[in-house]
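This is the structure, below, for whatever I ask next.
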């Protein structure tokens, strides 16, 4: 399923007031565009309006730059915080992993068959390449960046350099088991997605499956969220759960959790890359597929 | 939560073409209306477009009739099949039940606390009033209409008379265990919702829980759908399931099914009454809450 | 579905060692009993063994007291902590509610149709009888026990007196919105089930749906647990969740939560009354149906 | 997690009568064995009893052959249909796949990390090795067996030869898109597991996702079952579902279905290999983990 090059995704948020939809849709119509998908959300608590529009150009020869230029006036009129990009354009994504590679293997598979539309710019791990001996990286640059307390600053500096030099737009912590420093977190604000292996806000921090077992919960879960300096407190993108029982040891939870983690992370990344996730303070608006 | 009287729900479907959203939203803006919710769906298979808009009047004194009149021109331009009504206006609903009253009791409860916004015009049963001795009908007219093969025509004629004379807009088969004739089905087309106690299309017809047990399925379900002359083949509005096991006898399925049935039926009715369900041939577009 | 009077439920837990199942099953066989259901759990962390057996008497005239007497020797040999009772014997249950009556109404319905096998000994509320004007209490004694900070001690003393004098074996907090004191909690240890309207351990305490909304979680839940002096920290019996989205206001969560709460509480009570729930420290072993 | 070599799994089914559990557990106790896990099911419809016991040898030097020999007498006394094997012994499994490799890739991953305890004896496909260029088969023999109507008999003969000569005990149709003939099906009875991409019994046969889309169901699913000569009618081992909506095209269902298929198939295989699945006529008893 290739996306035609004349398909675009527009997203925006703004203070709510009458006329936004009319203004935006009339502009698109006058530019010869046809709306294919549109989702909106009016947050009555914050009086903020959110919208995602997928459109194609059907009745004109308008280029992206012409549409963008023309839209600037509309956007200013409504004080829009907006993005506009070709749907077919793949985002550049940097993956970070540690010893457990179930999320990494899963993302590579989904990328290979075209399910997640992205260009993978690199794979960073604090473990060496042989940890993933059976995974075909298919030419993706691999960076072994071991880390200790003493070398954390240097290691994170390298991560940031790789992120920048590779033109990455998103960093994915695919069970990367190192807590990022506030400094790196700040640089990656809104551009870094983590998978935490608990149903947040329950069981933050280390060994959440052991915490869940100790508490005796009857469902276990995983949470994908944007990384912020406040550990496991970032805006949640997606969560899912499975039923467990008293029979499940912590090891059983680890095993069952792998399935939940990989599907929750994959959904969160897919939605982010399709501009379906808009930040709304410490929460997210997710226009699900 | 009372809905202000200036809130309206507009729904429509039409052949898809550019400019529909612009046309509708510009009309609303010019009439002084503010869009509060909007959901749309572009069926690329049938090239049909579906939309639901909730709006209120903020910058004018426009009445419903003025808006309706003005909108007629827009609607004609796009060949819209449309409805427009005050959100606060309660629909009139006729309930039909048989011996098992779990759906009936549940709907009465949800109605009483205001969860499902409807006026109940009557309760029809083929069983006598004492079957529901513990249910408080709260002044709702009750009609005992026993039925045999020989009297089915007369009985259905009475149902139709009650539906019409009470000004009912929707009939709900809340585990009413009589198959409606083609004649009555035709009159109630799009205005009659049933709950079938299986995950359709599996286990149509009689005793679906026994069928499910015999087949050894690992999940059981219920389906709410519009009634058509083709038994259990009408457009599906909502479905849900629960996990079961080899331990569950047919009686266990009956018990566990009650919970699924009542929540599936309640959702379907709520969505229908909020104009969230639009027919799309033999399927439905459901703009979920 | 009446249960024959010769069906019995045996439960026990004990330090694990070889021969327990052989000892118990051989005893039952020799007494002329047939095992109908058996579930067991060997907690390798605590080295404790849990078992539930349902049996009937098929090849003898053994009475419950004879079986009980004979079993005492077996029980002593393995240091069993055990219960044995006729399956058909209904437990006596005291319900407590506050203004929101969805759990109360639901439990009364399930009791009436025989789904939950119990005798309801009374209904206590801090709100007057007219709060439940549309509920048919069917002769169950109602106790209006208003409470203020100043009168809490006296009110709880009355609750305890009613619990005792009515021969109640279980107290159910069916959305009873008063925190029980440590004193009353201690007396009701293992005999008091609460429904908390969040997926614990997330969102303890007051207004959990508002907390869930503020945190932006993507699934909401409810938890039924034994009440302990540590608020919302008691052993969890059952939990369930539903998917929500950014569109859901706190009021929507309240509405959607009612369905989750009532089914989670009903399951927990049913399982407790069928001796399916065994305490294992701060957790539970639940032999689900 | 290596399993000690003195752990054994015993399963059996037999006509129900008093004393079975006593007989079996007493035998094990007298042989110096300790029961670690036990699950049982009494099918009151067919009067057949099913049991699975995991035990280890703690108080003797009994070997498997000694236990097996001794148990034969017990088994004859109760007319048991039984199996007994070391828990640590890996079963030999032959995988069959076609073009879509999501189930194959997933099973290889789970095998590699030790989640599914099996020895893979070979991979058969009607597509050439390069179809799976990015999958590391790690020395597993690959057999390219193209098939046409005219060559089906020969191709299936080769499959059967490979199954036999490799000592395979289970064949897994991991989205192998050829219908097996009755002849091969008969030989593989109870030893061949398929994944069908619908929630059976809905949407049997070809293109189930397109069928599901056309019917407008609100949940989609997948089913893993033993293969019988009656297409998609074999005993069901496991099923699961996900919610979908009117927005989902058949292609979306294909995409979303991959996640369901692979987890349903993996569970079914795991349970089969752990002797958790016992046939009960056209249904299964599944002692879930």
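Chains here go by letter, A, B, C and D, matching the order in which they are written, and residues are numbered from 1 within each.
Here is the rule we go by: a contact is a pair of C-beta atoms (placed from the backbone, for glycine too) under 8 Å apart; a residue touches a chain by one contact, two chains touch by 3 or more.
Molecules present, by chain and UniProt name: A, B, C, D = Formyltetrahydrofolate deformylase.
What you see is a predicted model; the values in this text were computed from it and never measured.
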Query raised in the report: Where the centre means the average of the CA atoms, what chain is farthest from chain D?
Result: B
Query raised in the report: Quick one: chain A and chain D, Cα centre-to-centre, how many Å?
Result: 36
Query raised in the report: When the C-alpha atoms of chain A and chain C are each averaged to a single point, how far apart are the two points in Å?
Result: 42
Query raised in the report: Multi-chain contacts in chain B: which residues touch at least two other chains?
Result: 247
Query raised in the report: Chain contact graph: line, ring, star, complete or other?
Result: complete
Query raised in the report: Where on chain C is chain B touching in the complex?
Result: 1, 102, 105, 109, 112-113, 115, 134-136, 138, 247, 251-252, 255, 258-259, 263, 289
Report summary line: Within the complex, chain B is touched by chain D residues 41, 43-45, 199-203, 214-219, 221, 235-241, 245-247, 249, 280, 282-286, 288
**Report entry** In the complex with chain D, residue positions of chain C that touch it
**Finding:** 17-22, 25-26, 28-29, 32-40, 42, 58-59, 243
